Amino acid sequence: MKLTVNGETYEAKQAESVTALLEEMGIGRRAVVVVLNDEVIPASSRSTCGLREGDCVELFRLVGGG
Amino acid sequence: MERQGKVQDEWIVGGHRFSSRLLMGTGKFQDAETMVGAVLASGAQIVTVALRRVGRIPQEDDMLGPLQRLRGITLMPNTSGARNASEAIRAARLGRELSGSPFVKVEIHPNPHHLMPDPIETFEAARILAAEGFVVMPYMPADPVLAKRLEDVGCASLMPLGSAIGSGRGLATAEMLRLILRDARIPVIVDAGLRSPSEAAAALEMGCDAVLVNSAVAASGDPIAMAAAFAQAVGAGRNAHRAGLMPRGGGTALATSPLTAFLSVEGS
Amino acid sequence: MERQGKVQDEWIVGGHRFSSRLLMGTGKFQDAETMVGAVLASGAQIVTVALRRVGRIPQEDDMLGPLQRLRGITLMPNTSGARNASEAIRAARLGRELSGSPFVKVEIHPNPHHLMPDPIETFEAARILAAEGFVVMPYMPADPVLAKRLEDVGCASLMPLGSAIGSGRGLATAEMLRLILRDARIPVIVDAGLRSPSEAAAALEMGCDAVLVNSAVAASGDPIAMAAAFAQAVGAGRNAHRAGLMPRGGGTALATSPLTAFLSVEGS
Amino acid sequence: MERQGKVQDEWIVGGHRFSSRLLMGTGKFQDAETMVGAVLASGAQIVTVALRRVGRIPQEDDMLGPLQRLRGITLMPNTSGARNASEAIRAARLGRELSGSPFVKVEIHPNPHHLMPDPIETFEAARILAAEGFVVMPYMPADPVLAKRLEDVGCASLMPLGSAIGSGRGLATAEMLRLILRDARIPVIVDAGLRSPSEAAAALEMGCDAVLVNSAVAASGDPIAMAAAFAQAVGAGRNAHRAGLMPRGGGTALATSPLTAFLSVEGS
Amino acid sequence: MERQGKVQDEWIVGGHRFSSRLLMGTGKFQDAETMVGAVLASGAQIVTVALRRVGRIPQEDDMLGPLQRLRGITLMPNTSGARNASEAIRAARLGRELSGSPFVKVEIHPNPHHLMPDPIETFEAARILAAEGFVVMPYMPADPVLAKRLEDVGCASLMPLGSAIGSGRGLATAEMLRLILRDARIPVIVDAGLRSPSEAAAALEMGCDAVLVNSAVAASGDPIAMAAAFAQAVGAGRNAHRAGLMPRGGGTALATSPLTAFLSVEGS
Amino acid sequence: MKLTVNGETYEAKQAESVTALLEEMGIGRRAVVVVLNDEVIPASSRSTCGLREGDCVELFRLVGGG
Amino acid sequence: MKLTVNGETYEAKQAESVTALLEEMGIGRRAVVVVLNDEVIPASSRSTCGLREGDCVELFRLVGGG
Amino acid sequence: MKLTVNGETYEAKQAESVTALLEEMGIGRRAVVVVLNDEVIPASSRSTCGLREGDCVELFRLVGGG
């Protein structure tokens, strides 16, 4: 399935849910916020929130800053 | 003059009560261990963090994990990287989602050369975010009128710069800070430009409620020791402010020893 | 960069070892109790006193009695009131007789208006007193050549002024202090002119070994609290000096947050 | 380095060409004669005036009549007294009607205590007036981002403050002025805060295109002589800027005399 | 307040009368032509030169020949290179033999690193040379007590440093210069440390009688233009001093425009 | 005729035109701008511009300012 | 016995020793240094050191100073 | 004839007077001051002032300085 993740094309293998996508990308445990087609997906809905061809996903996390 | 006693010398911002008057940024540290050590040494209760897109192959270690496990730390995501109000608002919302904290450091600096804040976009973003219930802490030029307007739209504090970010030029804006302090009814925190603990102490002495430092600690020779030195200095400055500095001499020297001591007769 | 550890950060003057880097004067206090309280709060180990003729009807209370009963305090009589080398030498000898201390603050200021030290008489008195075995601590202009000459004739430390006595103008002589510090092989103590703890911290940050204050404490709103604030600030400044301040920005801002954070992808 | 020669060292603002780099305000003078004398002595080509309602019984003498009869003077009405953009716009239009001049000094300072300009209202008024064809000269905080935005909406120059109006604290904002100068493509004029000709010279030396003074002349001991001194100083500062100041010493002394002169042999 | 009029604003040093308040050094110039051009452009009437042993194969061109052919120039040999009073006295005598001028700039700086003057040797040399009839102009630290003592032994003027030679740090010693000026009965000339015309103007504004510059002109981008700029600035500073600067604001802004102008009615 | 001049009530005797009002007020020769009911009256129209009961007139001039 | 004490004439009643003089002046217990005719008298010699008509005595103590 | 000139040994060919020495050294026209054995020789005495083996001569001139 073709997605746009953080502005780049991404070929997801089995990402039928947001949770699955995060696991596939290897960032499952880290605290991230997921924005799907410009809408924030609450952490509680990740496993039930499905993805469709062409979806635009953005993932953010906190880093050091001043 | 209030006398320091058992009563805690606390300050309140956005309804939250803090005893530490030193806020710490977490950027530019060599590694997570040093950063956490410096935050602990500083005694900071409010700590800024930044927002960043996750890469496909995450390469840096998780700097903030250890930080979030510390007790008594309020995270304050900033909006750095935002070049206008709408980017800042979006960043603020994402930061709140991630941190669970209502605090946001609104920081909009369109020019990467000097990183000076944009007064107009900052005002706009602050107004909207305050209305959304954020505890808005705007990084701002040391501009007394803008300060009052930011207060009027509901900011929780004012964070005027001492000098340009990372410049280490200290309290170059002291004259304007004094005008801001005179009229402010919300806390004033000097953010940016401080290089040394003595400058932090000076900010507190003139009546600022707190300071926020990052480069001065992270880029020092020994960040953990420097964080502790800043904590000491902030305490010294605050205590001096409360005790009341001696009046400024009018250019006239005043002897501390009885001047005629050596030759004159006491009691005559 | 030395790391602070268990090892005490002591300094040595005239063969005597001290841990406190704050010296206190005892003039201008409202009463003996406040003075003693301030000395205790300051943690000072070296305390200046002055010499005065006894009047027929002694009227002031005995300010120094309580001081002399404190442990761990080294008295340092000054020669204030002396207008030339021979008066200062006489005062120094009498001060030693009274205090039992080898320390003397040589202080010769012929002009009561500004109380600035006389370099020539100070040099002469210091030379003779050092030869007599005094631990000579000369109050002096911030003059790098005079500093070196005083060191050469055996002074135990240098006590350049930050600004005029009692003026509270801070480190107005900073440029000259830096030149003194670069070449000095004996401790450098900023004496006179400091008004606030932040200025004391700045002196330590730039590498001075200690500071001496009096008016800034005695004429403050709360001398005991202010003495404690100075002690904190001196500690902060010293620790910052040891930790190593961040390099001074060359006028260019440096972001503390990853600037491209909001839009760019991490790891790309 | 351009060499001063026959070619006039002119500057252009809003398409108008000027040779004098000293702008004069006309407030606070004791009488019209002194004011006109000072304007003449200053060589100013741009002169600010204010707008005021006419009273029923006009009592002051006509200060501006004589001024308007002088040749080669461009009047620049200001909007002082306006507390927001719409008042300023109205004042600007009336000022143009009265003066026949397209120049307007946009000046919006809601706080009578410190008279600092409002960045947001100033930006709004400047934007609209520039679109109406005014030659907009905004009095503004020394804010580099605001400066760029004012330039972008069509201002003819930037008039950042050196320090608070009438405070006479000089170039307290020097660091910010340098950031403004680096990016500006329109003339930068320091307005407000200057007390002495040396400060005006310093503004020109750092690259400012001109300065505007009023109190420093009107409240001096001899306004006409002081106006002439400012004119001289502005010329000196401008010429020094063009000639190129010597590089700043890195803290190291450099002998101007051949140091070994007295003992060494020339040519060896 | 004296009013400038027909009467020349002259100053007198050692019984000689001068109208120019700018003294020029002749070191560090690229070639004799530039040096002479700069001296002419400066309008200087007193010009310093140094003493040097002649080499066997003289290699530099004769820089001073053209200078000595100028009219109205008083040469003032300096004693640079002397490390103590006796070397300085010897240099002074040889300088007088060569120049035919009774003026001598006593300059004793033992430390080649910072070139700061030695107060004790300078005092000794000045005392002896004054007694020999020289017009003694001592280069000295900005030390108020030393100043008075140099005056007392017959110096013709005082030449305190603004900051270290060649450092270009300007009037770093301003506080001490003010103390010197208050008591001096002989001319005070700021020598060393000035980098820009604005600093020279500031020295004259605070009441100094003249300034001496060298590096600031010789190491500038265009020495001849810079010399002229210094001459202008010195004139501006002097005229401003005579006219009387406006009182320093007590931190309070004072409107230059009638603040209520826009809304209120005149005469009501 | 009752006018409001610069915010205050003014009883004009014979001010049928702006020019007449200015003369009556003794400010004829001085450079002023006239605002009648929030509209600027060009100098050239003053003599022909009549005034009516209740009109609101504002008069401004230039003074010294910085 | 007439003495000069701290520059002023002083009529001592029974000051045959330095110790006696100090007591008479009421400053016995306070730490003072005694200078007799320009010579410092050590504390240990005070009781044995006699005074003579015309002697010049100076007494100093420490006070607060900076 | 061996002289010491400005601290260095100098073999003078025909320097029987100060004037001759200066000419030989090629510095005749330039303004110098001559110190012979620590004594300044006035310009007027240069042609009559002779030099002897071992004499110590110092020559100074003015140069640019600040």
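Here the chain labels run A, B, C, D, E, F, G and H in written order, and each chain numbers its own residues starting at 1.
Following the convention adopted for this analysis, a residue touches a chain if its C-beta (ideal position, glycine included) is under 8 Å from a C-beta of that chain, and two chains touch if they have at least 3 such contacts.
All values reported here derive from a predicted model rather than from experimental measurement.
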Measuring between mean CA coordinates, which chain is farthest from subunit C?
F
Please identify the chain with the largest separation between its CA centroid and the CA centroid of subunit D.
G
Starting from the mean Cα coordinates of subunit F and subunit H, work out the distance between those two points in Å.
94
Geometric centre distance via CA averages, subunit E-subunit C, whole Å:
34
Between subunit F and subunit B, distance of the C-alpha-averaged centres to the nearest whole Å
56
For subunit F, give me the residues that contact two or more of the other chains.
6-8, 61, 63-66
Subunit D residues touching 2+ other chains are 25, 27-28, 50-58, 60, 78, 80, 113-114, 116, 164-165, 167, 169, 214-215, 251, 255-258, 261, 265-266, 268
Within the complex, which stretch of subunit E touches subunit D?
1, 3-4, 25, 27-28, 50-60, 78-82, 87, 91, 107, 112-116, 164-169, 195-199, 201-202, 205, 214-216, 218-223, 225-226, 228-230, 232-233, 235-237, 239-240, 242-249, 251-268
Subunit H partner, complex, touching residues on subunit E are 25-29, 35, 48-58, 60, 62-65, 68, 75, 77-78, 80, 93-95, 97-99, 165, 212, 214-215
Touching subunit C in the complex: which residues of subunit G?
5-8, 10, 25-27, 30-33, 35, 40, 58-66
Of subunit B, residues touching subunit D in the complex:
109-111, 113-114, 116-120, 123, 141, 143-146, 148-149, 163-164, 167, 169, 172-173, 175-176, 179, 182-183
